[in-house]
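Take a look at the structure set out below.
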Amino acid sequence: MTKRILIITGDGGESYETWFAVQRFQEAGYLAHVAAPSKRRLNLVMHDFEPGWDTYKESPGYAIESDLTFDEVRVDDYEAVMCIGGRAPEYLRNNTRVLAILREFDAQQKWLFSICHGIQLIAAAGLAKGKRFTCYEHVRFEVEAVGGQYVAADTVTDGRLVSSPTWREQPEFYRHVFACLQQPASVGARP
Amino acid sequence: MTKRILIITGDGGESYETWFAVQRFQEAGYLAHVAAPSKRRLNLVMHDFEPGWDTYKESPGYAIESDLTFDEVRVDDYEAVMCIGGRAPEYLRNNTRVLAILREFDAQQKWLFSICHGIQLIAAAGLAKGKRFTCYEHVRFEVEAVGGQYVAADTVTDGRLVSSPTWREQPEFYRHVFACLQQPASVGARP
Amino acid sequence: MTKRILIITGDGGESYETWFAVQRFQEAGYLAHVAAPSKRRLNLVMHDFEPGWDTYKESPGYAIESDLTFDEVRVDDYEAVMCIGGRAPEYLRNNTRVLAILREFDAQQKWLFSICHGIQLIAAAGLAKGKRFTCYEHVRFEVEAVGGQYVAADTVTDGRLVSSPTWREQPEFYRHVFACLQQPASVGARP
Amino acid sequence: MTKRILIITGDGGESYETWFAVQRFQEAGYLAHVAAPSKRRLNLVMHDFEPGWDTYKESPGYAIESDLTFDEVRVDDYEAVMCIGGRAPEYLRNNTRVLAILREFDAQQKWLFSICHGIQLIAAAGLAKGKRFTCYEHVRFEVEAVGGQYVAADTVTDGRLVSSPTWREQPEFYRHVFACLQQPASVGARP
Amino acid sequence: MTKRILIITGDGGESYETWFAVQRFQEAGYLAHVAAPSKRRLNLVMHDFEPGWDTYKESPGYAIESDLTFDEVRVDDYEAVMCIGGRAPEYLRNNTRVLAILREFDAQQKWLFSICHGIQLIAAAGLAKGKRFTCYEHVRFEVEAVGGQYVAADTVTDGRLVSSPTWREQPEFYRHVFACLQQPASVGARP
Amino acid sequence: MTKRILIITGDGGESYETWFAVQRFQEAGYLAHVAAPSKRRLNLVMHDFEPGWDTYKESPGYAIESDLTFDEVRVDDYEAVMCIGGRAPEYLRNNTRVLAILREFDAQQKWLFSICHGIQLIAAAGLAKGKRFTCYEHVRFEVEAVGGQYVAADTVTDGRLVSSPTWREQPEFYRHVFACLQQPASVGARP
């Protein structure tokens, strides 16, 4: 069977991060499934930086069709999970099914990938505690609050958690992601 | 001297919350000063709900001119501080000057008002610990993580902290805000 | 019974003025009902000033659900009526039911509040004749044409008509609005 | 010398009406000069109808460079003046130089063309009194208030005033415009 | 019977070119029918130039209702066909029915008008071969590739093909269009 | 020295295709240089499909800073060139320096990668003649016109030309791109 990656997002998810993940995993031979609260065309957003703003600017992004609902997810079917950034993680962290899915990935010793605000899901699921991580610089506070240890780096791997700051660091991030997928997650170690 | 209220926001701040605060305090006879990272026209945003979205949608909002920079703020000049929501609190909580200002308001036993994501500043300043609060429902996790106790209500007052979920609950919120301002903050009590 | 205020707007109505009115009256303990041509989500607009423009710029604004249609309005139920600005008054002044409602408020000696372009409704209903008023500066011509007397001020009260230029003068305007509501409209006098 | 037409608009002017006028007159061999408050790229707007709205919707339109300022206009140089619609007439009617220009065209017995909201300028200049006219249906009130007589038609010619409701009636309107330009305006008669 | 002109466009068609064509022909007494892939409100676009861009910028344009589908077109009913620019010609040139319509106009020795990208349809129908033409400067390559001879001019007439670069040259273009319609297309000659 | 890839785009270039290319090559260890008419922040666009449209819809996309101008390009420094799609190729094909660059890549027997409208550059440079290729389906006409042979496939490799229809086929496309880069371009053969 073709190996599968689960991608978690929803309305407000960052569009470039979502499409890059889907297509990058497909290129590498995986089936990449986008899970969301419902199965439909998602309203993804564009988070980009523009002169004259002290933070990123949000605009409509590339849309994507979700492949399945969170309720339909069977963790056994997937090698790993990717938590996409943007504004979706903010409300998805209040979705108990999402948190249960992430904990099950962890319990099965599978890889947890997180980019940008995706770390909010990892934190809410209780999986950042005691872990070194990175994320969009302005989200670090929330993760440190639950016991994570922020590292300013393009990618940070700690155990089975691989995290990255924003879509700007995707080249370094995906190098690590695929290096990790070469080895069984259950033996993941601090690099 | 005319009494003053400090309003904290920046690019990405919620435009309706900002203008409502400025004008509501002005109506009540206060000088309302908007503090931001720099003194200029701020790129405020509109957070509104639209059919077909699982979360709010962000669009360009009403702009406002900030009155002073955080560096120029003298806490002694103000009766209270209002932390505006939207996306500005996300990055302002990494601004140590903002956190120092909030702690000084607290140290001087002045009122701390927070709407929506504004609570992120209160939490980052360490002022939510042990406090009952409310906020936009999807931000509660971050505040509980630092020891706050979330309450699902239109307004929650605990000591000198008065908080509210979103701009939709402003009527109830501002009733409390002005009731509080009638009494010395230093004697604020759990209602 | 809780006192009620009727708010008149429609597609193209100014979104900040509408929401401010609704919430400000709610804060003060009133039921605020938005009446429009139909009962649905209204396409309100944002009128804001931007560098490089000789007039305001229009963009999509915060939406609001109307509470009742003009046909459903019973003037007896309300203390006062608020005419919102933006572009809605332009076409609502051709709606005979709207004009009848306003005349009935006047006949019952109730308060008529008007902000910005809202004065176009007052004028079309024949209620500006011989009255001192203010409004968005570029609308004054139309009201003077029907016998109104323009005054350049933040708020102007003449009899039971209280008017204001734009949403920028709302603090002063609402101070007058609530001062008026303290007294019976039927004894309204030139301040 | 090539015959000239003066076109009056500014920021907020309707973009299709402006460009159509400029190019239609050029096709007919005229020099078409756009006069505005300043000589620069104007922020014209698009007024279009969209399902679900009770009025037109405004969006950014095609831009145009103005050719001269109102101060630079010499009425002697032009055969006729065209008052463009959109939102520009609202504020231009408070510009005394614009009104003086229109009155001078009238005094020199030249043609006055008006489309949509353009009639607001004619009315403000005192040139609609006693005249049959047409315009965007929701602007009629203002013109009737100063003594004009509204006619529901695609084009109305009364003396030297030729008016039209909106850009949708341009075919009929321009047929009249060019028919008028064939004859000396000074002998214009009710058709 | 009133003479008729067929106008070919679809979603992505240039909105000013489309409306100008429809109304200009109507003014001249023609019925102007917009044919498109389906009969509905078309999503036309605005192609305008803005400082800071090396090419035109695309934005939502004025919408229009199409009058008939390509399948419903009977070439016998029309005097001429106008190929509108924008982005619609790009995909319409893969519509065999559109190409058949154009070839039938040519076979019946009727006029072929083309503005901007409209020439892509003429080229795809095989009607540009050996013809002098003009078009948006960056489309010339495609037409030269099929044997057309590009001329840098405001309007180029060769036989029954009359073409123009962009909507900026419409005045000159329509002068030629109407001059051509005065004479039988079957005797069209190189001017 | 780190191997380099040249990426050709400009204002109107497709933003996802551009960023994906830059980051995908970076992940693989290449320096990815974006060449454009000038060295500045480029106005890239988003080409996405939306229900109700017969073609793609264009909106503002993710911006990118170009790294060098076409004049500064030294073909010797690069392993291969990637021609990005969107609307940039339309006008870049009239840039003789761009065509010279592409011909030099070909002369040096280096890889030519093309996605979507990128093929317009290949065609204009005279490098599609006699080659099997693929591209956005509505651009095929132009390339067939100069002697290319269109193939409906996710990726087509012919000699040193590797082409792909749209960003939707990037997974398959980049598999081929990297397979090609493993072998010397000078021995590229029809697969």
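Note that the chains are named A, B, C, D, E and F in the order they appear, and that numbering of residues resets to 1 at the start of each chain.
In this text, contacts are C-beta pairs under 8 Å (C-beta built on N, C-alpha and C of every residue); 3 or more make two chains touch, one makes a residue touch a chain.
Just so you know, these numbers come straight off a predicted model, no measurement behind them.
Undergrad: Enumerate, in label order, the chains that touch chain C and chain E alike.
TA: D
Undergrad: Most remote chain relative to chain F, going by C-alpha centroids?
TA: So the chain farthest away from chain F turns out to be C.
Undergrad: Where chain C and chain D touch, do the two copies share over half of their residue numbers, giving same, or under half, giving different?
TA: Here the answer is same, because the shared fraction of interface numbers exceeds one half.
Undergrad: Could you quickly compare D-E and E-F and let me know which has more C-beta contacts?
TA: By the number of C-beta pairs in contact, the winner is E-F.
Undergrad: Any idea how many Å lie between the Cα centroids of chain B and chain D?
TA: Roughly 49 Å separates the two chain centres.
Undergrad: As a quick test, compute the distance in whole Å between the mean CA positions of chain E and chain F.
TA: 30
Undergrad: Express in whole angstrom the distance between the two chain centres, defined as the mean CA positions of chain A and chain D.
TA: Chain centres of chain A and chain D, defined by C-alpha means, are spaced 57 Å apart.
Undergrad: If a residue has to touch 2 or more other chains to count, which residues of chain E qualify?
TA: none
Undergrad: Please categorise the chain-chain contact pattern as a line, ring, star, complete graph or other.
TA: ring
Undergrad: Which stretch or stretches of chain F touch chain E in the complex?
TA: 10-12, 37-38, 43, 45, 52-58, 87-88, 90-91, 93-94, 120, 123-124, 137-142, 145-146
Undergrad: For chain B, which residues count as touching chain C in their complex?
TA: Where chain B meets chain C, its residues are 16, 19-20, 23-24, 26-27, 41, 46, 48, 50-51, 59-63, 167, 170-172, 174-175.
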